[in-house]
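We just call them A, B, C and D in the order they show up, numbering each chain from 1.
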């Protein structure tokens, strides 16, 4: 497979579409990102890395962080976690409180915000310094030491994240948070503020394409069965209210963030990450989704 | 009308039922109230006051305070208020977030918790010391100087009121709170913690039976039209999810609280308040509802 | 009370507003009614009748028929009926299936369409010829022999009433219809198609203002308690999603229909009916609601 | 891969679990099926067929028929179809009317009942004899001439399928059915009543594992892109409210039916069908799901 050529083709085709998406504006730090950015990187399980465009530029990973907090929580408390979070697609906008009420405070899956708050709570209850453990976990997965939180982003989220705050208190009212809502939210907002590049993200997630083991080091992050589980959750729940559309068009398990990143995995083959800050109406990167669609079309590789 | 005899009859009939209700247990202060308490008082527009049982014993008024905060908010900002709160029955449990989501953050009416938070916010935005103004307003209506907040109750609510906190942040996320959620909640919890007796409550609400004017002093609290408005809201929205049942059985506009009080109004005739801490499955005082039902049956007076 | 002068005043004030409402268009028979019609009639419990405008012109009573089918069903099976229909306001649009699903097929009250279908089913299960018994019951209440169904209306409803059909099958799926959905719907559509004038409607409903007894004949239709019950249901559930607004503005128990009629009751005083085919956004007659509001303002009579 | 040995192992392991499921009882024909049946068959894209247990015994395919009606509708009207049906998981029980109401009559996906009714309507509008065309289409895919409807099943569904009838009328009320509800329902109930064996079903669906082409004949049923689409829909929407769970445990696109069958596809490799009439709490075959889970575990083949 000539990945470099394929990435170049995609870059050329997709770049003009970047302007059609709408950059998230709910906090100034995201609103200020130039909409014409585009980066993409692939990391194969046999160790090759390819990139194009701004693939080394860091951006706010936002909800993509949920892949890593989920992984950590599964390491710490796999069974206990699934007592408190479901694993079914939500069929509702990603921040809906309705479902939480109807289902008595058990979030549908770990990728909607309510579910990620419970995942964060699970980590907080088991680690002395959860925030930095999450950051260090990601650093270790990438082998990059200076990955860090963007504190300006984290503080902006703190100031404006009323809906997430409502969610945390609501979970607490159902007894599905052990920690104080304020503490859980603080950790959650920090995790979302991690700044990483496409290259770093696809390297960090490569264990998911490799049965739970980091190929370079041989370190086992999750069991093969757990890795398969995360991938199936990504496919059925990873892209908000556009899960079906993403599965059809891209055909890979993936996770998107409002910062414009999308991380996807082809089991046994590669991980791939794309970034373009303009979003479509579902909150997924518009040019990013298109790029991944072209990628699976051009390579002929998808899970379906 | 021989009110004393009627009240005595009701007292005798209803007292044995007090044990059948369940005292609210979500905060220790309410859980500790002896379930066999029963008091009832009537205040007629021509100035007579009748009472029976523990009619002079103070209890936690809880949601009954919403009658007084609504009145104050209507004095301060009648038009602006109704832009932000509806006036229709909710058809849902009193603390549901679902409806708020479906209706974009505009609470259905001022008597559900979400609506009362907006009412509190309206007051806070217009008064330097909202908490004490509300307390002093109630003191003045009763002509009783030592009515006050029960701070133990207010603090317990602060500690456990996660659902109300969720609601406040949710309202904020829709832009329907001007103040900080924490500040609005603090005032709200204090208002709910007011400790008053049946005698005091029916005296305080007598203006609603008298076209908006306090009979004793001639002070106008609301216009005749506003008083009629509050009464119609009490009838259609005042008793949580049991509005239809209460309208049928009692046939008076009324407001209940989880402290076990129910305050009701017969326009042009009287206000009446009953207290018994045991609640029915809708959160209304069980013996209290029964007592009011007997009262309208025995007097033959109801709005229907 | 100078009712004739008051009615004349209202007629003059309200007529210009008739054009602002929107006539129901879902069936051709209703769409063809001239929007400028306006009639109003009052019948006092001591026997006087007053009218203005097209108060003797017949129109399609539609949902107002639910007052009479409910009355008949209460005569036939009061207890059994309330096992199958609730008595709380719905807080949702009048033909919502959602609530029915959430509450396992028990309609919230007898005035939403689902509830009226169950009421119809209760009648059908107990009478050989339910359709004509309902018609004859209304004839007898009015003392008018030629009141009848408008078969063109009934057939149009049959053709287009897909949502009501969905509701009937849905109720059947929950086991809350004894009869075949088709048979229940046929009766229901016929009852709704009754053509009556304002004069006839207020005469027919006068027993509700008189403790359940027809004043002229002394015939008891319902017990005093049942009549009070119907009135409280009208107030809390009679005007679709505008119950609170209607209670505030008009302050009388009332029932509206999409044909533009509104029937209301002042206990111990009178029944009143108004007709103007233009509807407001809630499906209530726009000029009709306004006329009733003026009526209670000018007479100073309302239940609040 | 030693499929025969794997199937034998599964048969031995799973058979004792058959008794733990609950056979569907809503119609007598399904209730009468012995709960201890178990059959399983695999058809590889290179033409080998393997089977175990009652793999040649026919059962009621029920919702599995939706795979074939969807395929036919995509052949007839791919674009027009997706205007009227979504492609996202529902996140709700499979026969919920709520979602339909909230989303204005557009079913979430073609595999929930409402969606399948629209699919049926699309076929009916384009074919003179839709019912038999569907049957003949399935016959041709299998190369088996005597596959047919079980008329006793179809008639029982007609008699008891009130919820599906409600759905059809509801879709009609939203203008999302061209045909008469009764006609669409008749075709729908017939399609669901098809009686087929595991061997026949996996043969019929083999084109989905082979890029849209029947391997034996070379006939193209769908384009490669359409086949991929159907597979992604099966994965995200094919197993009612247990999509996430099925994706995790089995890791294959699949469709279940209340008759106890489950049909699944491994792209580029094989189709597989299992049958055991006892259902789990989601309405999926209990032993069938277990058998497929063992199959992907033992073969090490899944899409994740």
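Quick note on the criterion: contacts are C-beta pairs under 8 Å (C-beta built on N, C-alpha and C of every residue); 3 or more make two chains touch, one makes a residue touch a chain.
Everything numeric in this text was worked out from a predicted model, so none of it was measured.
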Distance in touch steps, counted as few as possible, from chain B out to chain D: 2
Equivalent interface positions on chain B and chain C, same or different at half: same
Of all other chains, the one whose Cα centre sits farthest from chain B: D
Centre-to-centre distance between chain B and chain A (centres being mean Cα positions), rounded to whole Å: 47
Whole-Å gap separating chain A and chain D, where each centre is the average of the chain's CA atoms: 32
Length of the line joining the C-alpha centres of chain A and chain C, rounded to whole Å: 56
Numbers and ranges of chain B residues touching at least 2 other chains: none
Interchain pairs in contact, sorted by label: A-B, A-D, B-C, C-D
Of all residues in chain D, those that touch chain A in their complex: 86-92, 99, 108-109, 228-229, 231-233, 235-237, 241-245, 247-248, 251, 253, 267, 302-304
Footprint of chain A on chain B - complex, ascending: 96-98, 101-102, 162-163, 165-170, 172-173, 181
